[in-house]
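Provided herewith is a single structure, encoded as C-alpha cells, for subsequent inquiry.
Per-chain numbering from 1; labels A, B, C, D and E assigned in written order.
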Amino acid sequence: MIAAIGTTSYLLLAAALFAIGAFGLLVRRNPLIMFMCIELMLNAANLTFVALATQLGDINGQTAVFFVMVVAAAEVVVGLGILVSILRRRPGATADDLAELKG
Amino acid sequence: MLAAEAGVGSVAFPILTALILVPVIGALLVALVPKSRPEIPKVIALMSSVGTLALSLWLMASFETGDAGFQFVSKHTWIEPWGISWHLGVDGISLFLVVLTGVLFPLAIVGTDPHHDEKPFLAWLLMLQAGTIGSFLSLDLFVFFVFFEIVLVPMYFLIAGWGYENRVYAATKFFLFTMLGSGFMLVGLIATVAIASRDLGYTTFDLVEIAEGADFAASTGRWLFFAFAIAFAVKVPLVPVHTWLPDAHTQAPTAGSVVLAGVMLKLGTYGLLRFGLYLFPEASFWSRPLWLTLAVVGIVYGAIAATMQTDLKRLVAYSSVAHMGFIVLGTFAFTTQSLSGAVIQMINHGVSTGALFLLVGMIYERRHTRSIAELNGLQKVAPIFAAGFMVVMLSSIGVPGLNGFVGEFLILTGSFLTARWWTVVAAFGVILAALYLLWAYQRVFHGEPDEENQSFPELRVKEGLVLLPFLGLIVFMGVYPKPVLDRIEPSIDALISRVEDNTDFVEPEPTIRIGEHGGGEPADGDQPTDEEGDG
Amino acid sequence: MNDASFLEYVVFFSAAIMILGGAIGVITLKNPVHAALGLVLTLFGVAVQFVAMEAHFLAAVQVIVYAGAIVVLFLFVIMLLGVDESIDLSIEPIPIQRPLAGVMAVGLVGLLGAAIVRAQDALVINPGSGIDTATETGNNDANIEQLAANLYGDHVFAFQLTSVLLIVAVAGTVLLTRKWPRDTGSTDSASENRSSDA
Amino acid sequence: MADLVWLIPAFPLAGVLLILLFGRRLGDPKAGYLATAMVFASFASAVLVFFDLLSRPTEERATVVTLFSWLPVGTFQVDMAFLADPLSIAMCLFVTGIGGLIHLFAVGYMHGDPKFSKFFLYLNLFVFSMTLLVLGENLLVTFLGWEGVGTCSYLLIAFWHTRESAATAGKKAFVTNRVGDWGVMLAMFLAFSAVGSLSYSVLNESAETGELAASTASAIALLLLLGATGKSAQLPLYLWLPDAMEGPTPVSALIHAATMVTGGVFLLTRINPVIAASYDWVPTTIAWIGVITALFAATIALAQNDIKKVLAYSTVSQIGYMMLAVGTGGYVAAIFHMITHAAFKALMFLGAGSVIHGMHDEQDMRKMGALRTVMPITAGTFIVGWLAIAGVPPFSGFWSKDEILLFALAESPALYIVGIVTAILTAFYMTRQVIMVFFGEAKWTSHANEAEAPEVAEGEEPAETHHAHGEFKPHESPPVMWIPLAVLAVLAAIGGVLNLPKLFGIPGGISYELEHWLEPVIEFGEADITGTWAYDNKYILVAIAVAAALAGIALAWLVYLKKRVKPWEPTLFANGWYYDAAVSWFMGKPGRDGFQAMTDFDAKIVDGAVNGAGVAVRESATQVRRGQTGYVRQYAGIIGIGVVLLLGWFVVIRGIL
Amino acid sequence: MLQQLDTFVGPEINWFALSPMLTLLGGTLVLMLAGALTPLWPKGLYAFATATIAGAAGVLAMVQWDDITDNGTRTLVAGVIAYDTLSMFTTITICIGVILVAMSSDQYLRDTPNDGPEIYALYLVAAIGGVVMASANDLIVLFLGLETLSLALYVLASSNRRSSESAESGIKYFVLGGFASAFFLYGIALVYGATGTTNISEMVAALQNGVDPFGNESLALAGTALLIVGLGFKVAAVPFHVWVPDVYQGAPTPVTAFMASVGKVAAFVAMLRVLVIALPFYRDDWRPIIWVLALLTLVVGSFLAVVQTNVKRMLAYSSISHAGFILVGVEAAAHGAGEADPGPGMPSVVLYLILYSVLVIGSLAVVAVVSRNSGGDTNLDSFTGLARRRPMLALAFTVFLLAQAGVPFTSGFIAKFGVIQAAVEVDSYAIAVIAMAAAAVAAFIYLRIMVTMWTSDPAVGADRVAIPFSTGAAIVAAVAFTLVVGIVPGWLIDAADTVTAYAR
C-alpha cells in the first residue's frame, strides 16, 4: 500500500532521528533535555517498527510500539523522579556538575 | 607400565589421605583454640606435625623397595562430571619428599617462634604442610594443581604476616609470580585433558590414565609441556624467573624460609619429573638442550650472585638457585644416575639449606641483623654454634661424606654421559660454592669479634636439639645413602624406559668390564663415550 | 505520478521535516521549554507518519501518551524546578565531546543508512498474515481489533509485564519522593498502589 | 690379617669420636696422648697388614676389603672399599708412623693452647682422611679422603681463626684445592663413562689391556694431574702452600710437608697404567711441570727469611722432584723420595717448630743464629735433615734424589740439567738456613720487639699460647718434643736403605727393596731404562750429584758464614716472582668487579624487568583511569564510539565486504 | 463485533509454570500494600518477608526443575517464555541473590535511614525483571524485562537520598541505561525487520530456512550489533562498562551487591538467549566481537582495579574483570551455538554466575558492615587492622577475596576452572591464557585488601564493628556456600550442565 514511498525512506528517516537523539544526549548538559533525546531515540525505534510492520504486513511490529510507549512513559516517570530528587537539593545542576565519582 | 603396579601394597588404612588430613585437622584445631589459652596451639601443632612425621615414617617403612609403580594408591571419584578423582599414590620419587616434609615441619615448629600471633602462624604452617604433601602425593592433574596452588596462600600469609621489613612486597611478588606461572599451567593442564579425552574417548584428569592412554602429537605435546614447564620453572626457580626467591627468602620468617627452601621449591622440580618427563617424555626430551642450558646458567649465575651478596639470608637464597640448577640438570640428563641424583639432591638440599636458614635465623634472633658486614668473630664467642654452621656449610659445599656431595656427584656423573659439556661447566659450580660459602663464613665467624658480637649467645640446648636431626641426616645421607637410593631407583628406571619408549633416546650404558665387583647390570655394547641424542 | 502518491510525498516530507526539525530543535534550543515544544513537534510528526502507514491506533496513542502525558510531565518538571537558561551551548567544557558526538552521529547515520539501503531491495513484501486496515476492510476498527487480538493473544504476557513495569514506576517514585523520616508519605503511596493494581 | 686393613682408618676415626665426646673433659695433654695413641695403633695395624702381605707371594699382595655399598645407582656401583696392596700399605706406614711422631711432638708444642683438644680432633680427622685417601679401592673413596684432608687442612690452617691472615690462608687453600678437585671429579666422570667403574683395578686393567682409548687415558691423566697440582702444590696452583704456614707448625710438618701434599703424586702413581696408556706427551708434561716447579720454588726459597717459608718452598720444590719422577716413569723413585722427604722434611719442620718454640714464636731467621749452643738436640737433628735434603751421601735424600735424576736423564738431558741446577740451589738455600739459624753470631741476645719485622708480627701467635715460659731466653724443647726429632733424624739418616741402588760395595741382596716391594703395583721400574746412556753411567751421575750438593753447600758457606761473597737475594725471588701477587690482584680486582657486575645485572636488569612490569601496569592504568572523568556525557560518548565500531564491524566488514 | 469477541481465544497459560514470577509479583504487592496500610512493621520483618518470598520462588523453581527433567522443555504463553533449566537455574540464582541481599540490606537501610517496604518491593520487582530477561523467548518480552530490572535499579541506586553520591550514581545509571536500552530497542527493530518476527523460536526458524542471505543480512547484522551494545552495557563489557565504577561506588552498598549479582546474572543469561540461542546463524559474525570484548574487559578491569583506593570501586572494577571471564565462557559457547551439543560454554557461564553472585554479595555485605562505623566510608583505610578488631569478619572477607582471586577449595576456583575449561575445549587458548594472566593481575588488589586487614594494626580509636544478625547470617551463608562448592562442586556442575538443553 505504500506505493510511492518505500519503507527504506521511513527507515532512513528513523535512522536520522535516532542519530540526532544520540547526538543530543552527548552535547546537551541539561538532564531534562537528555531525557528528551532518549525519547527521540525511542521514537526512532517506534517509527522503524511501524514501517517494518507495514512492510512485512505483520501486526506484531505495531504491538511492539505499544509496549515501547509504556516503557517510555515509565522511564520518564522514574527518570524525572530521580532528577527532581536531585535538583531539589542542587537547583540548576547540569549533567557535568554531577561528576564527583570518577577515576 | 606404571599403571600396572598401581594398587600394589595398598593398605586398608588410607595412609596417604591421612597424611594430608592430619595437618589440616591440626590447623583447624589450632585455629579453634580460644585466645585465652595461648599455650595450647603450639602443643596441638606439634602433635599433629609429629603425627604426620610418624605416618610418613610408617609409609617409608612399609614401602615396597624395588617396586617401580605407585603404592598405597587410593582413588575415589571427586568431581564426577569433570572426570576428576581423588587419586593419591606414592612412588620412589615422591616417597622421600613426603618424608622430608614430615621431618622439616616439626623442626620448623619447634625451632622457630613467631614474635606475635602464634596461633594463626601455626595454623598457616600446618595448612602449608598439608598442601605440600598433597601435591607430592596427587596422581590427578586437578588435585595436583589444587594443592600446587593452595600452598601459595599459607606461604603468602606467613611471609606477609610474620616477615621482615619488606615482607608485603616480597609476599606479593611471590604470590603474583607463582600465580602467573600456574595460570599457564592451568590452561595447559586443561588442554592436556581435553586433547587426551579425544584419544581416551572419555574425560579424565587421572595422570596415569592420561599418560598411558593418550599419545600426543609431537607439536601438541611440546606446547602442553611448556605450559606446565613455565609454572615449574618459576617454582624451581630457574634463571631468569628466579627473582622472587631472594626477596621471599630474605623477608620470610625463619620457619617460612626453611619450609620454602626445604619443600616448596621441590614442587617445581618434582613437577618437572612427574608432569614433564612422565607425562610428556617426547617434549621434555626434545627440549632438553634448553633446560640443560638454563640449569647450568642457574648454577653459575646463582653462585656468582651469591658470592657478592651482603645479606646472609639472601646469600643462602641465591645458593638455593644454584643447587636447584643441579637438580634440573640431573632431571634433563635422562640417566639413572643423574635422575636418582636429582631426587636425592632434592632431599639433601632440603636438609642442608633448611638447616642453613635455621642457623641464619638464629643469628638474626641474636643480632637482629642479616648483614654480613655487621657480623664477625662469632666462632670465638660461640664455637659450638660455629661448628654446627661449619658442618652444614660443608654439606652445602658438597664435601664427600656429607649429604650434599652424594646428590651433586650422582647428578654430574650421570649428566656427563649424555650432556658432557654442560656438566663440565656445571662442575665449576662446585668451586664457586666453596668460594661464596667459605668467604661468608670467614667474614661472619672468623676474626676478632667486635663489641656488638662479643655478647653473641652460644647455641642453646633447644636449638641444639633442633639442629641435631639435621646434622644426623647430613652425615647419614652422606655416608650411607643406599637405602634411599634403592627405593628411588626402580621408579627412575621406569621413568627412563618410558622416555626411551617414546623417543629415540637410549640411555648410554658404560661398558661394564669383567672383574667388576658389586652388582652392576649386564653390559650392553654401547660405546661408552658416545652421547646419544645429544646435540 | 498520480495524486495519491503525490499526496503521500507531501505528507511524508512535511512529516519528515516536522520530525527532524523538532529533533534539531530539541538538541539546539537553549530554553528547555522550547526544547520540549520541539519534542512535541517531533512526536506529532511521528504520529503523522503512523497515520500515513495506517497505524491509526498507534497514531492516536502516540499523540495522547507522548504529546499528551509525557511532554506535559516534562513541562511540569521544568516549571517545578524553574526554567534556567544558564547553560551556554556555545561553550563545551569537555574538549573532545562535540567532535566525538559528531563522529558518533555521522557514523550512526552512515552505517545504519548503509545497512538499510543494502537491505531495501531484499525486504520481503507481506510474508505475514497482513495488517487489516480501514482502507482494505471496510471496518474502521479493523486495526484496533487486530491490535487488540494480538495484544491480548500472543502478547498477553508482555502486556501483563507492563503492569509490573508500572509498579516499578510507582514504587520508585514513592521511594524517591518520600520524606525522611517517614511521615504522611505512606497513605498516598498506598492509594497509588491500589490504582496501579486495578 | 690383611682383612683388618679397615683398622688403619678405624683407629683415628675412633680418636675423632672420642675426642669429640670427651675432648673437653680429657683436656690438655690427655687428649693429645689419646690422639697419638690412636695414630700409633693405626700404625701398628698397618705394620700387621704389611707383614701379612709380605708373607704372601708377590702376585697375591693385594686385598680388597669392602665395608658397604656406598653409591649404588644402576650401573654406577661404588663401594666403601679399601685396597690393601704394597703401595697403599707403604703409604700408610709412613703416614701413620711419621704422623704419630708429629702428634707426639704436637702434644708438647700445643701445650697450653685453649683449643688443645680440638687441635687433636682435627689432627686425627686428618690422619683418618689421609688413610682413606691412600687405602681407597676406587677413585671415589680416594676422593673422599682427598676432600677430607683438604677440609682438615682448611680447618687447621685457620686454626687460629681470630687472625685474619690465618682465616684467609685457610680459605685460599680450600678454594685453590677445589680448582684441582674440579679436575679430579671430571676425571672420575670420564673414567666412569669410559669403563663404567671407578675402581682402580678396573681402570688400570683396562688401561693395560688397551681397552682404554689413548685419548680418554690422556684426558683422565691430565685431569688428575690438575688435581695433583692442586693438592701437591705444583705450578700453577702451588700458591696456597706458603700461606698455609699460618697454621701451627706441627700441622705444617704433618700436612704441608710429609703427607697430604704428596697425595697428588700418590694418585698419579696409583693410576700409572693410565699414564702409560696415554699419549707420550702427557708424561712429559708432568715431568716438566714437576721440574719447573722444583726450580721455581727453589729460587724463591733462596730469598726467604721466614724459617717456615723457606721450608715451605723447599717442600714445593721437592714435590716437584717427585712429579719429575712420575713424569719420567720413575714411580718407585717418586715414592722413595716421598718417603725420605717425609722423614727429613717433617724433621726439619719440627725442628723449626722447636726453634720457634724456643725463640718464643720468633720466625724471622735474621733474628736467630748460633742457636746450636742453646738447643743442641734441635740443632743436631736439624743438621741431619739438612744433609739429607741437600743430597749428601749417605743420607736418605741423596739416594732418592739420585734415583730421580737418573730417570730424568734417561728421559731427556734438559730435565736432568734443570734438576741438577735445582739440586745445587737446594743445597745452597738449605745451608743458608742452617747457617742463619744455628751458626754465625747470635742476634737474639738483643731481642728487638716485633714491631721491626712486619712478617713477624704477622707470624705472631696468640700470646696465651706460651704463657708457660718466663722471660726471654732461647731454650731447648722438652723431651716430648725432641724425642720425635731424634727418631725422625735416624729415619732421615738411614732412610736410603729402603731402595739402595746396585753400586760399589752394596750387596745386591738388600738393594731395590722398595722397587721389589712395589713390583705388583708398578711395572715400570729401573729395569725399563737399562740400556740408556744414563743407566750405564750411573757412577758419573752420582759423582755429579754429590758435586752439586757440595758445591751448593760450599757456596752458601762462603756467602753466609765466611761473608766472602755478598748475599744475592733479589726481591723478585723474595716476592715469589710476583706470581701470587698477580693472581691475588686478578681475583681481587677484575674478578671481583666481574662478579659485582653480574650481581648488579641480576638486581637491576632481571629483577628490574619484573618490577618494571608492575610499574608498567600501574602507569598504564593511571593513564586509562584519566578517561574515567565522571562526566556522564563523556561516558555516553565512549559508549557511542563503541557502538559505531561494532556497527562498523558488523555492517561494513561482515555485511558489505 | 460481538461474535468477533467470541471467536477470540487467548493463549492457554500454564499458571504453575509461571509460579516463580507470580510468587515474586504477589510478594511485591503484599509488601507494598501491607507496608503502606500498616506503617510500622517490627524491624527486620520486611527483609525477612522478602527473603521468604524469594525463597518460595526459588523452591518453586526447583520443583519445576524436576518437572522439566521429567517432561522436557517447552515454551509458554504463546511461546514468549522459555520453560527450561536455563531459566530455572537463573531463577534460582536470582532468588538466592535476593535472599542474601535482603538479609544484608536490613541493618544498612535502618542506619541510612531508609527502611521501608519500597526498597524490598523493588528488589522483588527487579528480580521479576531479571527472571523474565533470563527466560524470555521473545525479544520484546526480553526488552520489557530488561526495562523492569533497569528502572528498579535506577531507583534503587539513587534510593539513599542522604548521599549525593547515591543520587549521582542514580542519574548516571539512568541516563546511560536509557541510552543503551534505546540502542537495544532499535536493534530489536532491525532484527525484526530482517526476520519478520521478535519471537526467538520463529526467528531461528526464519534464519535457518534462509531468508535471502544478502539483503536482510545487513539489517540483521546491524541489529545484532545494537543488541550486543545493549546487553554489553548491562553486563559491563568494555567499552560499555563506563557506568559501572561510578554507579557501584555511589549506590547504597546492598544495592551495589544486587546490581553485581542479580543484574549481571540476568544480563548474561539474556545475552546467551539473544546471541547463542536466537542468533546462532550469525555466530561467526559476533563471536570475534565477544572475543575482543572479553579481552578488553579482562585487561581494563584488572588493570584499573590495581590503582583504586576505594574498596567498593576496587570491587566494581574486579566485577568488570569477572565479567570478562564470563565473556570468555560466552565466547566458548559461541563455538557450539545452535548445534545439538552446544558444548561446555553455557554451563560454565551459568556456573560462574551463581558462584560469583554469592561471592560479590558476601564481599559487599562485609564492606557494608565495615563502612557502618566508618561513616559510610569505604576507603581502604577503613579496613586497616580489621583482623584485630573483627577476626571472623576479616576471615570471611579473606575467603571471599581468595575465592575471587580463584584460589582452590573455593567456589571462585571452580568458576574460573569451568570457564577456562570451556574455552580450552573449543581451542581458544589465547583468550584463556589472557584470562589467567588478567586474573593474576587482579589478584593484586585482593592481596592488597588482605594485607590491609591482616598485617597492619587498626587506627587508634577504630572500635570493633558491630555485626548485625541478619547481615552476619548472610555472610556466614555465603562463606559456607563458597567453601562447600569449592570442595564438592559436582552437584552444581551437574545442574549447570543441563542448561544446554534449552527450549526454543
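We take it that a residue touches a chain if its C-beta (ideal position, glycine included) is under 8 Å from a C-beta of that chain, and two chains touch if they have at least 3 such contacts.
These figures come from a predicted structure and were not determined experimentally.
Q: Could you tell me which chains are in contact with chain A and with chain C alike?
A: Common neighbours, chain A/chain C: D, E.
Q: Return the chains shared as contacts by chain C and chain E, ordered by label.
A: Shared contacts of chain C and chain E: A, D.
Q: Specify the chain most distant from chain D by Cα centroid.
A: Chain centre farthest from chain D's centre: C.
Q: For chain B, which other chain has the most distant CA centre?
A: Of all chains, C has its centre farthest from that of chain B.
Q: Max contacts between which two chains?
A: A-C
Q: Counting in whole Å, what is the centre-to-centre distance of chain B and chain E, each centre being its mean C-alpha position?
A: About 44 Å, centre to centre.
Q: State, to the nearest whole Å, the distance from the C-alpha centre of chain A to the C-alpha centre of chain B.
A: Once rounded, the distance between the two centres reads 66 Å.
Q: Would you mind pulling out the distance in Å between where the CA atoms of chain B average out and where those of chain C do?
A: 71
Q: Once you find the CA centre of chain A and the CA centre of chain E, what distance in Å lies between them?
A: Spacing between the chain centres: roughly 26 Å.
Q: At which residue positions does chain B touch at least two other chains?
A: Chain B, residues with two or more chain partners: not present.
Q: Show the residues in chain C shared as contacts by 2 or more other chains, in ascending order.
A: Within chain C, residues 94, 97, 100-101, 104, 108, 111-112, 114-116, 118-120, 123-124, 127-128, 154-155, 158, 162, 165, 168-169, 172, 176 contact more than one other chain.
Q: Which residues does chain E have that touch at least 2 chains other than itself?
A: In chain E, residues 140, 144, 147, 151, 154-155, 158, 161, 171-172, 175, 179, 183, 190, 193, 196, 218, 221-222, 245-246, 441 touch at least two other chains, as defined above.
Q: Every pair of chains that touch: which are they?
A: A-C, A-D, A-E, B-D, B-E, C-D, C-E, D-E
Q: Any idea which chain E residues touch chain C in the complex?
A: On the chain E side, the touching residues are 4, 8-11, 13, 25, 28-29, 32-33, 35-37, 39, 76-81, 113-114, 116, 118-119, 121-122, 125-126, 128-129, 132, 138, 140-141, 144-145, 147-148, 151-152, 154-155, 158-159, 161-162, 190, 193-194, 196, 211-212, 214-216, 218-219, 221-222.
Q: Write out the stretch or stretches of chain E touching chain B in their complex.
A: 402, 405, 407-409, 413, 417, 420-421, 424-425, 429, 432-433, 436-437, 439-441, 443-444, 447-448, 450-451, 454-455, 488-490, 493-494, 497
Q: Where on chain D does chain B make contact in their complex?
A: For this pair, the touching residues of chain D are 64, 66, 68-81, 140, 143-144, 147-148, 151, 154, 158, 161-162, 164, 167-168, 170-171, 174-175, 178-179, 181-182, 185-186, 188-190, 192-197, 199, 201-202, 205-206, 211, 213, 216, 595-596, 598-599, 602, 606-607, 610.
Q: Please name which positions on chain C make contact with chain E in the complex.
A: Touch list, chain C to chain E: 111-112, 114-116, 118-124, 127-128, 145, 149, 152-158, 161-162, 164-165, 167-169, 171-172, 174-176, 178, 180-182, 186-187, 189-190, 193, 197.
Q: Could you list, by residue number, the parts of chain D that touch chain A in their complex?
A: Of all residues in chain D, those touching chain A are 625, 628-633, 636-637, 640.
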